[in-house]
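Take a look at the structures below.
Across the two complexes that follow, subunit A remains constant while its partner is subunit B and subsequently subunit C.
What follows is the complex of A and B.
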């Protein structure tokens, strides 16, 4: 028995093709294979890329140091795979199993190679387990990051689509607000509105709050600020869509909205705006 | 005697947490059969207290409970923070008093919106505010 430890990294590199075949076999045999999300060719290319970058950067020294900077290229490829899988709709479990099935392949090969040297085998198994487990953790971290990016993008999209400015009539703009009016949204709403006032030369803006769930003192202040800013631009601002329960709450809170023109519905705000513009809406009487 | 029927703790550490808090409260209030007007008053009150907690005490915890007293059901909310506390409660409860250059309507307005209001604050230790809105209150 030799007391010189065999180079585990070198052994693995030598067995690269065996490992890849085993790993692919494991994955393709899995009942939960997601051919709907990733074709077998894509899966093979992905697995090959990961295995190669791992084997290229692995040596006898760093194999036992999972934190080694040598693994940065591996972590990079791994993160890329994990994030793209998160976006494609793989579950974290599926992505986790993908990495752990590599461990199975590595261990099977090592077992064959070191079957005559149980002591070395145990060390090798522990080393490989530790290494792949740490890659597993990396995938989870990046998987979550990938999901968070999706959420952030959606948040931005929601803010954008939920504050449209509509031209109702010549000189009349309407801005329906849906959802909670917090400080950052108020900023978006105000900027959109003021810009549209400039762009369209409108003189009346209707802020409809039918879709705002609650008006507390902060939301009220945001509304008051928006109205003041509109007035500074030389336009008048009407707030519509004040539901009965909101009206009662605002009064109890003690907020003074008496300097602002408020209407119960968008329709009555529009009627009021027509009045200001001295427009008359009439039913046409057809002559026979 | 006020009997809690079920309870849940909600952390308020950032502005978005208040949306979650409001939804929990709405769920509880709906279960008691509370009408829309009282629900809106309760949620608005909670939103004021949560905002104070974030602004003046850097966040805290809210205990959301469904409670009953005799034949009346309602929702009890306990806002607890370990912030700087309020040195002069009587002053803070006045309309228009604010150390934050705001409207100063949060605390007095909240008191007007709910059925029961209790405030305890120790400078240097923190503030505990308990409010109850009865279903028909």
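What follows is the complex of A and C.
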């Protein structure tokens, strides 16, 4: 390496301002510039930080070894940029092009520097390409990681908020289920419901499935499990909110719900629960 | 070997399992309880398992067995105070404990037993049948 690019790193460091200017010019001239997401000043600060940390950690020894531990600070800055861009709403393409536009700037400078020595120019171009390509890949990795974190957080939030257990009346709990009921959600729903039954000492639980888009044999099995578990605890479970389409599917699939109390609406389930608790709802007659 | 006490309360038998129910203990409980039901001519058996945090298929079967045996001896069985984790485990094991009545706590279990059983001597005073 030393005989081919002894001063490539040094040259680049010397030309730092030229590279930055060129890079910024390229970026600002690009049609895909997103001024709505990032102002030009912020973009410049971001680019300057990345270039500085890159040039500081670059030397003639590690420039050809993209896996070198010396680049850890660079990778760190890249990850930061990538994640913040993912959150700001940049597309992966835009973030990728941002990194690759650095390559253009570097190559243009190197080309000017080494235009008298084609052999060395080729080596330098290959080295730089390899280096920036590896940075590009890192950026994509962290970009995807950033997006995945967002997705994971949202999934957690959905599971958290989608299973509220509501106390409708003394001794009556309701659990509206919204969204598809898979095994992991059934587990959460069941645990929440049973815990609430213990905490409130309720003897009736109403499982409202009006928000469940489809009931297949697996979902039905999960419902039956929940009902059975509630019964084991010593409480009665009513399934309400069964839409006509769901009734059709259940019968077509041959699922036996005959030993479970089912009601068409939450209101009728509540009325049934009142009946079980021997409660009566009356209209008060106002005395004149 | 430990023994699980079986308390007599009028026409009912009260069993509170406070220790870990290992297999042999469960077997001896089953034998003792059936003996006791037959000796005292009890009409109802109430088993409190609120202290049990773990359960296996054997335990589930023993409880089911006790209920069936008591049924033959003309006594109703109520299992009370089952922990959520235990209920989920039993369901996952496919044990629905058919023929066993359940209640949330001892108080509700007693009420349930009283409504289920028509006592021979005294009048059951409140003839509500809300769990029927």
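Just so it is clear, the second predicted complex is superposed on the first by the 276 of 288 C-alpha atoms of A that agree within 3 Å, B and C clash if a C-alpha of one lies under 4 Å from a C-alpha of the other, contacts with A are read in each partner's own complex, and residues count from 1 in each chain.
Quick note on the criterion: a contact is a pair of C-beta atoms (placed from the backbone, for glycine too) under 8 Å apart; a residue touches a chain by one contact, two chains touch by 3 or more.
None of these values were measured; they are calculated from a predicted model.
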Clash or fit (per the criteria above) of subunit B with subunit C on subunit A: fit
Which of subunit B and subunit C A:253 touches, first, second, both or neither: first
Touched partner set for A:225, first subunit B, second subunit C, both or neither: second
Partner chain(s) touched by A:233 [first = subunit B, second = subunit C, both, neither]: second
Contacts of A:126 with subunit B and subunit C, given as first, second, both or neither: neither
First (subunit B), second (subunit C), both or neither touched by A:158: neither
Which superposed partner A:180 touches (first subunit B, second subunit C, both, neither): first
Gap in Å between nearest CA atoms once subunit C and subunit B share a frame through chain A: 8
Those residues of subunit A which subunit B touches in one complex and subunit C touches in the other: none
Contact set on subunit A toward subunit C in their complex: 187, 190-191, 194-195, 197-198, 201-203, 225, 228-235, 276-278
Contact footprint of subunit A on subunit C as seen in their complex: 79-84, 86-88, 90-92, 96-97, 101-105, 108-109, 128, 130
Subunit B to subunit A touching residues, read off their complex: 15, 19, 22, 36-37, 39-41, 43-44, 47-48, 51, 95, 102-103, 105-106, 108-110, 112-113
Residues on subunit A engaged by subunit B in the complex (per definition of touch): 180, 182-183, 213-218, 220-221, 244-246, 248-249, 252-255
